[in-house]
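Two complexes are shown next, each including chain A; its partner changes from chain B in the first to chain C in the second.
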Partner chain A sequence: MDRSDIIARFAEVAQDPLAYAAAWKARTGKQVIGSFPMNFPGELAHAADTLPMILQESDEAITVGHGVLFPFYCGYTRSMVDQAASGKFDVLDAIMFGDHCVQLLGAADAIRMKLTDTRVIFFQLISSMCDPWTQGRSEESFGKLRDELEDFIGAKVSDAALHASIRLFNKNRALIRKLYEMRKAGTAAIRAVEMQHVVKSSMIMDKAEHTDLLQELVASYTDAPAADRNVRLHLSGHFCQAPKPELLNMIESCGVTVVGDDLYHGFRYISTDVPETGDPVAGLARWYMDRNTGVPCPTRVQNNVDWEAYLLDAMREEKADGMIVLMAKFCEPHMYYYPEVKEAFEGAGVPHLLIETEHEGMAMEGLKTRVETFVEIVKRREAA
Partner chain B sequence: MKRHVMGIDFGSTTAKCVILDMKGNIVADSVAHMGAVSGEGVKAAIRDTLDKAGLEQADMGRTVSTGYGRRMLDEADKNYTEITCHARGAVAMVPGARLVIDIGGQDSKVISVDSNGLVAQFAMNDRCAAGTGKFLEVLARAVEIDLESLGDTALEAKEKLKISSMCATFAETEVISLLAEGYAKTDVLGAVHAAIAARTLGLVGRVGKNGPVVMTGGVAKNPAAVKYIQDALGMPLHLPHKPQIAGALGAALLGLDDYRKQTAYVISEEEDMAHEDQMAQDKACIPGCRGTPELVVDPAEAKPAPRKGGLKSILSTLQDNL
Partner chain C sequence: MNIATNPMPGKKANKLSATRIAGKLVNDYWEMVWRAKEEGKLICWYEGSAINPFLEAADICWVHGEAYSAMLAARHQEVKAQQVAEERGYMRELCSYARTHLGCAVSNQRLRGDDTGAVPDDDDLTWKLPAPDMIISAYAYCSTGQQWDEMTSRVFGKKVPIFNVSLPWIWGSKPDAGYLKGQEWEETSDYVTRQLNDMVKFIEEQTGKPYPWDRLYEMMADIKRASELRLEAMELCTAQPAPASFFDWVVSIAPINNLPVAGVKNYFETVLDEVKARVAAGEGCVPDEKYRLFFDGIMNWNKVGWLANKFANYDAAVIAGRYTHMAFWQEPGLINPNDPVRGMAQNYLICPNNHASPILIKLIMDLCRKFEVDGMVIHASRTCRAFTNPQFMIAETAQRELGIPSSMFEGDVTDESFYKDEVLNSRVEAMLEAIESRRMSVVA
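Right, the complex of A and B next:
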């Protein structure tokens, strides 16, 4: 397959994850486990010979879901509940939740209520990351998840199988990180929406299938660094849901090259690997903790890491001229953390623009004016 | 060499055009209503400005467009957003301005400008027509009064009423029920303008209150809007004579920067002095500006003198004596 075919395949899966799951299930006769973001160890479900897929916000308007979840929940949780209430999740054999914010817990309850026949597995994720007991409690939590999974599939998940899954997932992450490196260096002109297709499809597709395509994709970039007069920006924020492709395209149409991000449907998802040796469950707990030092997340509490400091550092490395913050409406962890980011960026004199996104869509023309103005500000400040 | 540049502001309800000479003086300007979609309004504004100046499009060294329709104009060599252009135009009209409040037909924006005249921050109405000219238009219709006399009538308000809805449609319902309850039209219109002022103050809060403040856009011609915003801000508003052309002027000035650079045009000292004199005579950068040319420090904004005997006062005495 050539480069555009591979990206088209990734885009197809990213646009209709449940259709991919249904086709995979029909082809393999195996079970599909849907999970919530952002810290589910897909390796465990993979080692249990199922297809782990991270459930995605759909583009559809919320309809019946309105009766279950209030409109002041974030778009991701409302969309999850709406998909569950309208029968879209019938393809899933089980759903797994780790609690990472209050709204997600609300959505989990609503889904349990709606999908009475689907096995719903809940696991506790400790949110305080730098206490002496964090590693131990996380091991306990992932251990329990393994027990629940074994109970669900009716078989043991061996350490060897788990190690093999960890190696495969690490390989997949490393390949995507390579794409990030190449984009940063200017040797691979990957548009923001293409990067999203790559990462989002990795959350859905069979890992081996995805990794094979990814290998081909990485090898296809042999470009020399290209000179580019666009403004270099970092995209930050957006946790559980992928920013809408039209938004990413609009941003890039304003003379912007996205050179880095910390989006969950981006670098946050693939930032950290799981140790490949030793007890695999302890390794997963380590991974869970390392992820927050790798790319800090405002849903976790860790006194010795700062998201804003991470962002300023990452941008220096990416040689980014500014940052666009994409904040999903009603995402409380983000809303409450943002003032810290704003203050740090203003203090450091690094320009940034906040865009609040909505599940229901946005007035793109007005947004475009804001992004274009931001680009003009960045350019004129540099020229001044 | 061509000796003029043009700025066009292709807005949602009006089109504005400005022609400048190489020294930055306004040679001609024009405001045309409607036709935003068909492009008729903008064509009329361009034609009218060219006629007034006795020039042709081919005489323009640079044409820059702004406003909602900025990307639709074949005449333009370049386009900038209305925020960049309004800031540039407003600062040219009132040198030293640090905050620009622009309320147009369908959008309102507040722009803070740094000491170099560059946009520092901005906020726009990004949800609906609340706090824009459209809001006033809808409510003028509800009160059955024409838009031109809206401001003067509202200035006669005696009783303070409140319109709490920011959505033009819901506010219209509120207005109708207030009228049905027997409240005077003047008081109801006062409340409408107070609502606009509150909305504007909200945008100011997002970018930070700073002065001097210039108000541009069509709504700056409405005396009640100006009064209510001024009262809500607690700061005076500087009003250019032609508040509607700020965006087109800014676009033309950006074009002029570019064109001067390209043609290596150097303004002679004599020309510069003549320009300064003219500005002083006009009491602003554009003829007939009603704004205050000097930097006015708003008394409410002026820093209080350090408390006698306090740490700051001791430090400043020390500093003065170093």
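Right, the complex of A and C next:
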């Protein structure tokens, strides 16, 4: 396949994840396990010979979900209950999750009540990341998840299988990180929306299939693009749900090149590998902790790690001139941390623009004006 | 009767007079907090779980974040703190308890910090909250609790030591799961007990003294007794008319939850005596009890008296609630005063939200049956999703299992701007009419 075909395939899966899952299930006769973001170790479910997929916000308007969660919840959780209540999750054999953002708990609770035939497994991950017992507790949680999975599939998940899955997932992550490197270095022109297709489809597709396509994709960037005069920006935030493609396209249409991000549907997802040797469950716990030092997440608390410092460092490395913060409306973890980012950026004199996004869509024209103004500010600052 | 067009004006709630004592105890407590620095006491900020006996025993001044925000709201002084928070970038959709309290933290830092030159005003309660020497975070269910503490620590430049206790949610999916039972419950209780013991070591590090366990044992004996008295008094509200209301129990939260232990037993003795006397005299918490209601949701702290009178005016006795009747040392039987830590851990795990819906909703339905309620008022608190999470399911179950209607209204814990009086009026009136027509159909 050529580059555009590969990206089109990724885009197709990203746009309709449940259709991919249904087709995969029909093809393989195996089980599909949905999970909620952002710290589910897909490796475990993969080693159990199932398809792990991270459940995605749908573009569809919320209908029946209105009678389940209030409108003042983030789009991700509202979309989850809406999809569940309208029968969209029938393809799933189980749902598993370990994160405990309060809104997600509300959604999960309601989904369990709605999907009486679907097993919903919860293993609460410790979210306090620098306690002496964080590693041990994380191992216990992942160990419990493994037990539950084994109980669910009715078979043991061997260490060897788990190691093999870990290697495959690491390879997949490494390839995507390679794309990030090339974009940053300017040797590959990868648009923000294309990067999203790559990462989002990786959350959904069979890992081996995705990895094969990724290898081809990485190899396809042989032609260094011509240098442009765009403003280089970092995109930050947006946790559980992917920013809408039209928003990313609009931003880039304002003379912007996105050179880095810490979006969940972006670098956050693939930032960190799992150790390939040793006890695999301990390895997953290590991965869980390393992810938060790698790309700090406001849904965790870790007093010795600063997201704002990470962002400023990342931007220096990316030679980014400014940052756009994408905040999903009502996302509490993000709202709590944002003042720290704001203060640090203002202190460092690095410009940023906050955009709140909504499930129901946004008035793109008004936003475009704000982005254009921001780009002008960044340019003027560069010129000064 | 057409409730919508013919409300009886002017009826007032018949509040328990004992609750006036609560007001005094609360004022004394805050005076003590405001003096604590001068008295050379260490100050610990915490939210959520009532870890205050651990602190009080060690002679540490404890400041409960929600209590401070609720106090500001009850005194209508919350807006300033909320503005300060907003100026720093805390958005309006964040938990208003947290926002208000963070506003106090920011204000405190600005005015006590050495780089501002601003002069604090002593009547300004936003500023007056003394800065912490330590923070302990122990919040059940709601992720916001932990984040709020973490951000507080950051407002203070991460210079204040912080200790995190993780309280897992009781998901209850195993066949043996249930309220206070099953493997998950036992394991979780053990896990939290271990952390509380480590928390005591943290306290010892801060005070530089061995932990005075005997004092904790004494205090927990008192709290256990106070809790029993409180529950006994609540139980008596099965009487018709109900002698005390949900709003009386709301006012009685501070005594059981965060006031100095010494006065608490007495307080609930007084409450119980008054409740008994009312039952004997057939005196109700509203002048004419025609309807008995359950209140689901957290309190609207700027509206306690207002709501109490409003429902009294509708001849509706709001008798029980998730907030008041499913939390705050709710299971005294679990506390062994000579070895209290595990029982304390378990009481923390029974915050009114920390059991997943199947268990939680069953508890609520049991309360509705016990107090023979006719309907349910649901306060959809805009910024407290911990409480709003299961509310549609609660309403549905109440209708399905008990045949009782409910009415939802939007408000908030401490941000008055989310409260919509007209919506509340029209929905409550519609619900009362539904109750009336149900009664008529039963009679017919």
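Details
We adopt the following convention: the second predicted complex is superposed on the first by the 382 of 384 C-alpha atoms of A that agree within 3 Å, B and C clash if a C-alpha of one lies under 4 Å from a C-alpha of the other, contacts with A are read in each partner's own complex, and residues count from 1 in each chain.
Please note the rule applied: a contact is a pair of C-beta atoms (placed from the backbone, for glycine too) under 8 Å apart; a residue touches a chain by one contact, two chains touch by 3 or more.
Only a predicted model underlies this, so the values are computations on that prediction, with no experimental measurement involved.
The superposition on chain A brings chain B alongside chain C with room for both. Applying the stated contact rule after C-alpha superposition, one finds that A:R27 touches neither chain B nor chain C. Taking chain B and chain C in turn and counting the residues of chain A each one touches, the greater count comes from C. Look at A:I121: by the touch rule set out above, it reaches chain C but stays clear of chain B.
When the two complexes are overlaid on their common chain A, residue A:R137 makes contact with chain C while staying clear of chain B. In the superposed pair of complexes, A:A384 makes contact with chain B only, with no contact to chain C. When the two structures are aligned on the shared chain, A:R229 is found in touch with neither chain B nor chain C. Using the contact criterion defined above for the overlaid structures, shared-chain residue A:F72 touches chain C, although it does not reach chain B.
Geometry note, superposition on chain A: angle between chain B and chain C about the Cα centre of chain A is 80 degrees, to the nearest 10. For the pair chain B and chain C, the least inter-chain C-alpha distance in the overlaid model is 8 Å.
Across the superposed pair, chain B and chain C touch chain A at no common residue.
In the complex of the two chains, the chain B residues touching chain A come out as 68, 80-84, 107, 116, 118-119, 122, 124, 126.
Touching chain C in their complex are the following residues of chain A: 67-70, 72-73, 100-103, 105-106, 109-110, 112-113, 120-122, 124, 126-128, 131, 133, 137, 298-299, 301, 303, 329-330, 332-333, 335-340, 342-343.
Taken together, the chain A residues at the contact with chain B in this complex read 363, 365-367, 369-370, 372-373, 376-377, 380-381, 384. The part of chain C that touches chain A in the complex is made up of residues 88-91, 93-95, 98, 137, 141-144, 146-151, 153-154, 158, 162, 164, 166, 168-169, 171, 173, 191, 195, 356-358, 380, 382, 385-386, 388-393.
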